[in-house]
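We call the chains A, B, C, D, E and F, going by the order they appear; numbering starts again at 1 in every chain.
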Amino acid sequence: MAEILELAAGNLISPIILSFVLGLLAALARSDLTIPEAVAKGMSIYLLFAIGFKGGAGVAAHGVDTTLVLTLIVAGILSFGLPFIGFALLGLMSKFSTIDKAAVAAHYGSISIVTFVAATSVLEAQGIASEGYMVAAAAVMEAPAILSALWIVARAGGKSSGTVDAGLYREILLNGSIVLLVGSFFIGAITGKDGLDTISPFIVAPFQGVLCLFLLDMGLVAGRGLRESRGELGLGPIAFGMLMPLVGSSLGLLGALAAGLSPGGAALLMTLSASASYIAVPAAMRVALPEARPSIYLTLSLGVTFPFNLTVGIPLYTALSTAFVGG
Amino acid sequence: METHKAKRVEIIIEAALESRLTDAMRKAGVTGYTILPVKGGSGRSGQWARAGQVTRGSGMVSVVCLIRPERMEELLDAAFAVVEPHIGVVSITDAEVLRAERF
Amino acid sequence: METHKAKRVEIIIEAALESRLTDAMRKAGVTGYTILPVKGGSGRSGQWARAGQVTRGSGMVSVVCLIRPERMEELLDAAFAVVEPHIGVVSITDAEVLRAERF
Amino acid sequence: METHKAKRVEIIIEAALESRLTDAMRKAGVTGYTILPVKGGSGRSGQWARAGQVTRGSGMVSVVCLIRPERMEELLDAAFAVVEPHIGVVSITDAEVLRAERF
Amino acid sequence: MAEILELAAGNLISPIILSFVLGLLAALARSDLTIPEAVAKGMSIYLLFAIGFKGGAGVAAHGVDTTLVLTLIVAGILSFGLPFIGFALLGLMSKFSTIDKAAVAAHYGSISIVTFVAATSVLEAQGIASEGYMVAAAAVMEAPAILSALWIVARAGGKSSGTVDAGLYREILLNGSIVLLVGSFFIGAITGKDGLDTISPFIVAPFQGVLCLFLLDMGLVAGRGLRESRGELGLGPIAFGMLMPLVGSSLGLLGALAAGLSPGGAALLMTLSASASYIAVPAAMRVALPEARPSIYLTLSLGVTFPFNLTVGIPLYTALSTAFVGG
Amino acid sequence: MAEILELAAGNLISPIILSFVLGLLAALARSDLTIPEAVAKGMSIYLLFAIGFKGGAGVAAHGVDTTLVLTLIVAGILSFGLPFIGFALLGLMSKFSTIDKAAVAAHYGSISIVTFVAATSVLEAQGIASEGYMVAAAAVMEAPAILSALWIVARAGGKSSGTVDAGLYREILLNGSIVLLVGSFFIGAITGKDGLDTISPFIVAPFQGVLCLFLLDMGLVAGRGLRESRGELGLGPIAFGMLMPLVGSSLGLLGALAAGLSPGGAALLMTLSASASYIAVPAAMRVALPEARPSIYLTLSLGVTFPFNLTVGIPLYTALSTAFVGG
């Protein structure tokens, strides 16, 4: 426990967390500090490319072990399954409409890639190795949760006027983040150590710094979101935003044990399960469930769960995974 | 300079629906339109701004379509089918255009 | 398709005043508007372009507001109070809108 | 609020010709206009989008000009001379403006 | 004197100065070379974050010495006071209206952060150390000059139709550059050497290169400004644009002696005093004094004083500070 | 031959090629992956600045040898001459109008700077040196081809309604890429090794990585172009898009022998001759020959010739130049 607290404290005063806090405070104080949309997108493309490539190069270096397939299956099951738990919990903890509950649940089944990136850099700082293909697990977990949410709405008789067509499925499966993550994973896997050496001054050395600026922007966006949706969320939903990651990460831990992941890999799968989407799922929701209120799902995902994972969650998951998975 | 009567239809719609709207327009035979970026806005569903936005890259766009008056109903029907379940607004203004053969 | 009479008010104003204008509009009860980015322009105060601009990020924006005709005076009064000491232009066009209940 | 009759001319033109158009307008004595960025569009020459565009930075712009009705012909002549051999559209709407002394 | 000339010559053929000159020439020749607005903003965010962080890490390393508070007070006084001198000088050297004079004066009381950054990199190249908290002095000097200018206008009976409201004060005090500079200064101070090590491949190694591209953009912008405002400035105002930095830096030198700064710190305070704002103040002027003509204050600040400081000023201030402050 | 194939295979699985392929596939699969326009422009500014600077620093290090002037003259002749050959070949291989043929021919006389950059990085990876002033040759080859195309149209009596005025010539000669390339070349030449040392963590170390992301974008753009213009090009024009680079590079090889270039320099001149413009020339064509169809010239240049050069061309030219020029 003392160890966890120490880790958490060490984590809290890292440049990346403080950058997030700076952004949050600036937005709450209504500063006009803004990172241009194009620059923010450019940074997220950089992070996805770098994390995918490094994952792939890791697989090339250590080979594909037998747990790979198992891990991907477990990841898929988690993403499919978590929305049902989320939906049930929200039934207890909120008064949202069926559609709002389903939309929120979809976010928690899917993943936040920045949370994942932050977790990898915490692991790196502590010298804990992890499987390169966890990046592939992240990609696998992006989409299934959306299907679960649509299914929940359909089953619950909640009728949405949204558009669920072939175009939507293509958009979900081929959305930019998934394609870039998987694509750069394969590039890394194919070009291996040679490839990594060529571009590591770009994707490895400045990585932490770019992550700082990106989290600064996340803080700004989260802070502005919180300010605008002030008062819209009750205590119940806010509690949900901190309970659900704990539930998710516990199931992630079980999944990691089942798949036979290393402690590092387990920490990452816990983080993925605990994290909530804030890019892919919201976009899909606008098309498929337009009645679902963005001010609810975005505030929960980005204003509550993201900071929770960043500050408390990741050190906790790391400590638990090293304790339970051994290593 | 010779001008011809036309309608200027302006559709402000979520960016996520842009391609669905233009597909529907093309199916209705409308092949001329211009899409303008939108920086922010406010409506019944609240206020938003591209810069301070939670999901960057979503946001809205403005689709401007100059069309012969007699073809407008088709366009409105097609557009309305896409916009209807979603937020956004549709407005129409009387206009005149040069080079009518292009419309 | 059923349409309803409305006014389309377009206010081109310095970006530094954007939030003051929208605040004034909200105070006047106008909650629907869309803000378009502006790339450049020219007027009595000279020519400018976003790209070649000395203070990046200043520049202008275009605020488009569809409003019921009977509410327009209030909007114009509110907007004018903000625009008056500053550069920029205000124009009004007759328009029609779908989904009148949204305005 | 006192308003004055004006015309709102909107010229959608290739970005490569922007400075040629504004030069021609200035020569015709038109010094007030606003340029909006364009995100994409479709017309007789096909569909294009800024993001998926082969030559980034080309694309189109929308030049909006509010002008006294009696000066409009000059503007249209000047604009037409530039637009004529190229793709793009010109539309005109009746409008009213505040602060007529600025036009 | 020979030493100064040598320094100046060495300074003149550095990549950063030549990049500025390239931009200037390209703009004057009406090339269509442009750096996208978002990229320029992204670079300025990078520079502010890096300079703030390094300053903070410097303070963490060397501790807060007793001159810190003194320096900040001196910096505030300089920013408050310089506009009065500027206003008086303009009364002699120009025929501007009261409002135009006050607006120009505000720019010279405030600071240009790029000039500051350029000066730190000249000091670094010459191996001259400086106090990390000079970054905080820069932040302190951003805003007070604006208040002086508004006060001058009010006192002179010059009535502006602009808006001076609570919103304006918040915008001035919490403008993006100040928040980012101060925020990253604290992040650097809190995370110290460890933090700096984590992100130095991002904020230290590529710094000079980013600065080159940023100055290329400044050159483009200054050149376009000069071309458009050609002929609007008489000889008097142009002379003011070169005299005022000399006056400002002299007072800065006195202030540095009073506060007990090192030669490097003194050179930076001189540079701050000599430099003229081109971001924060112009934005405030558009709101508060809309009648003041941007073509005057921007051309002076960016077209005259900025290049003057970059080429002649910085080497001069460095030489003077090392001569007078000892070291 | 075996050597060429081996080189080609090695080249094909490099991160930069695979990034291009990823972009191409993503676009063909209609993924919504996009790199913001501003970021893409920013990267191209970075690449131009870096390649120009390094070229200039190379000249400063090795001195200007006698072949410099000869190379630039040869480069100018190639750019002027190649459009005539292209126009004639298109007469045999396509049914395009005179204006379309001339517009396409202009693209092949001019150059693609990314192809050039990719070739330099292949040479570097193989440890083959090349003359720094090849960058100047690239700049020289940008514009002349446009004049040839206009002359061809005038001679052929093909009347275009486009605008060929002084403004157009200025735009062509002072277009952003040329100015930046030449300007940074001079900055590199003036500041030499010292300058390069200052900014090499910015322009050397991360270069390959930025190039990857840039080629990812090129792949996206090329793929979208191919999808939209599907079916517009017959087999003849597509064959032209692969034959013309072979013709161009052969003449480039002759030119290199005539000018006395090293094997590395010869490979670069071959690449320049083989490559087709996709920025400067298309923009000029929209103004001067508006009737020429972009879907033809852009698809050929970016959808056919660029991938051809990237995958097959560059290794081939490198192999041929080392074989024929000795070294």
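The working rule: a residue touches a chain if its C-beta (ideal position, glycine included) is under 8 Å from a C-beta of that chain, and two chains touch if they have at least 3 such contacts.
Remember, predicted model here, so these are calculated numbers, not experimental data.
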Fewest hops from chain D to chain F - one hop per pair of touching chains: 1
Smallest count of steps, each to a touching chain, taking chain A to chain D: 2
Type of chain C:chain D copy interface by residue overlap (half), same or different: different
Intercentroid distance (Cα basis), chain F paired with chain E, Å: 41
Intercentroid distance (Cα basis), chain C paired with chain B, Å: 18
For chain F, residues contacting two or more additional chains: 34, 36-39, 41-42, 201, 205-206
Shared interface positions of chain B, touching two or more other chains: 36-37, 47, 93-94
Contact graph of the chains (line, ring, star, complete, other): other
Contacting chain pairs - touch in the sense defined above: A-B, A-E, A-F, B-C, B-D, C-D, C-E, D-F, E-F
Chain B-touching residues of chain A, taken from the complex the two chains share: 27, 34, 36-37, 40-41, 160-163, 167, 220-222, 224-225, 228, 278-279, 282-283, 286-287, 290, 294-295, 298, 302
Contact set on chain B toward chain C in their complex: 10, 12, 36-44, 47, 49, 60, 62, 73, 76-77, 80, 83, 89-94
Contacting residues of chain A [partner chain E, same complex]: 13-15, 18-19, 22, 25-26, 29-39, 42, 125, 201, 205-210, 212-213, 216
Of chain A, residues touching chain F in the complex: 36-39, 41-42, 45-46, 49, 53, 170-171, 174-176, 179-180, 183-184, 186-187, 190-191, 195, 198-199, 201-203, 205-206
Contacting residues of chain B [partner chain A, same complex]: 14, 16-17, 19-20, 46-47, 50-58, 84-87
